[in-house]
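Right, I'll just put the structure down here and ask away after.
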């Protein structure tokens, strides 16, 4: 049983149980309803929010989201499956957009391949690249959060005040209270940061440890070619 | 000859003429490129704008738009046509969104049939009150208008993108053209704002202390040298 | 020196901190830290600062002070590395070794963050190619939004604006006043001229006699620095019979050729 069949079966069950009555006679059923809601979402929507909005269980919404994701990515269906596939709206070429699960929620994005064309229409939101100093500061905050400016400064060896201010203005980091001991403001990354990174949580950041060898690795410094 | 065949033939012609070269190897080709734009544009795009952006003739864009419209509305393909149809991504159930031409511009909207579900979702969690962040942002815009989001961010020290969107959605602020230098969208308060404040013009807002910094003192972050 | 190593300038032009520069230097010289001549690095740095001055650019106090941190760190590292392994005897040696390990640990940590910052930068760039659907709410939905509850008077609203517009951080970071460090302006070059005139009349003279009429400690310092400069220009030679004995200064330059104008320019500044 492939996942899409499973979903259809679940869907049939709700129909039988009357839960799907909201979609009776609506074109495309629950999947299309979910899709309609995704059209008005302006920040990642959680499965719970979507489930409440569409009136389905979280599990059902999750399966439908996975199915939509596959629809948009497009795939070829083998010959014997064509008939059922075409009626379910699958077996297609990739769409210009994709459905992604980011920062704990689902949202529709234009496909990266069309960045150049889409960029002409969406000038706002396009952001200048961060400087090396800003990136390094952001990295330290991301991996050491919540962290004070003083600690970031100590790790980077420079004053980071203005860079921290800019990162906050850009919405990549935010104030997360004060250190009980020193009273210093602590910073953490935002969900916008996760969105920009295309990840679900900071746990998905690349591991720092492979980049942080033991002291034995110090010899590398002397023959590292670029730094 | 049905309309979809006609479109495909035209499309093949542009390919031959090399006009479609920008999409060589891109999944979904020109149709997907167009779809990518339509999915993320805020203001409906005219056929001319789309043609310029995608690098096709207006006629070609018009055919592709018609094809997308049919794709989204879904239709059943007769048995003998199934095979070619499925490879072209047609022959599907209706999607939860539709492509509409409103006042000369094209944009993707949630499908009208799902208005009830979408409306319920939109209203969920909506409050009749503005958040503190929204109020402060509105205050800055009111006293420093016309002003870009970047400047408001610089003043407030946080990213204000979503708050500005909310204020615009609530009809309290509006687009007032672009900054000639940076090209950033400038915002001003609306007459609805004056109405809610119970004043006739922004000139009637209480004077602020004269020593508060104006906009000159605020370095806009994307032209600051550190970023 | 710097001319033959343009990479150093590039490195400095975008260096972001002592660790960054230290890593760069170690990498660039491909040397054990014990072989990095602090003097070489210092010369390179001074050349860089000069170049900035020639270009009419203000040279940042930040960079100069960071350089001091780097030089000190290099010296620490060097001192620690020069200790023969396995011959740790006293607490001082251990302290040096610990300082070394701490420095290495900090360097490693810095390097790790630098690497992940690179990865993050690339990810942000790639992700920036996807644009989220973030369109204005369709009008019929926007119309359904509950009527806004608005209970702010213009005065309350103005108070909000005042609070939002008031600067949150002091515009200028606190600065340590340096004014008190300057009793008066003393020029090394002027003092060099004084010394030059005196030594051309009578040579050798002891350092003690050359500073006998100095009106302040600053003048003593300036004359000492001037002598070092004169020595570098081969205008004088030194002679000391025994440790801590009086230093005798001999004038060795041709009296017609010599002029204080030829002194190296880093001492042009007033002390």
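A few remarks follow.
Letters A, B and C mark the chains in the order given here, with residues in each chain numbered from 1 onward.
Going forward, a residue touches a chain if its C-beta (ideal position, glycine included) is under 8 Å from a C-beta of that chain, and two chains touch if they have at least 3 such contacts.
These numbers come from a predicted model, not from an experiment.
The most distant chain from chain B is C, comparing centres defined as mean Cα coordinates. Among all pairs of chains, A-B has the largest number of C-beta pairs in contact. Averaging Cα coordinates per chain and for the whole protein, the chain whose average falls nearest the overall one is A.
Computed from the mean C-alpha positions, the centre of chain A lies at a distance of 43 Å from the centre of chain C.
Separating the CA-averaged centres of chain A and chain B is a span of 20 Å.
Mean C-alpha position of chain B lies 49 Å from that of chain C. Residues of chain A found to touch two or more other chains are 38-40, 42-43, 97, 108-111, 118, 122, 125, 127, 130, 133, 165. Residue positions of chain C touching 2 or more other chains: 131-135, 137-138, 141. On chain A, the positions that touch chain C within their shared complex are 38-43, 97-98, 100, 107-112, 115, 118-119, 122, 125-127, 129-130, 132-133, 135-136, 138-140, 142-143, 155-159, 161, 165, 195-198, 205-206, 208, 211-213, 215, 217-218, 221-227. Contact residues of chain A toward chain B in the complex are 22, 26-29, 31-40, 42-43, 49-50, 52-55, 74, 76-77, 82-83, 85-97, 108-111, 113-114, 117-118, 120-125, 127-128, 130-131, 133-134, 162-163, 165-166, 168-172, 174, 190, 192.
Per the touch definition, chain C reaches chain A in the complex via residues 14, 16-20, 23-24, 26-27, 30-32, 62, 66, 69, 101, 104-121, 123-135, 137-138, 141, 169, 173.
Of all the residues in chain C, the ones that touch chain B in their complex are 131-138, 140-142, 144-150, 152, 154-155, 157-158, 160-168, 171.
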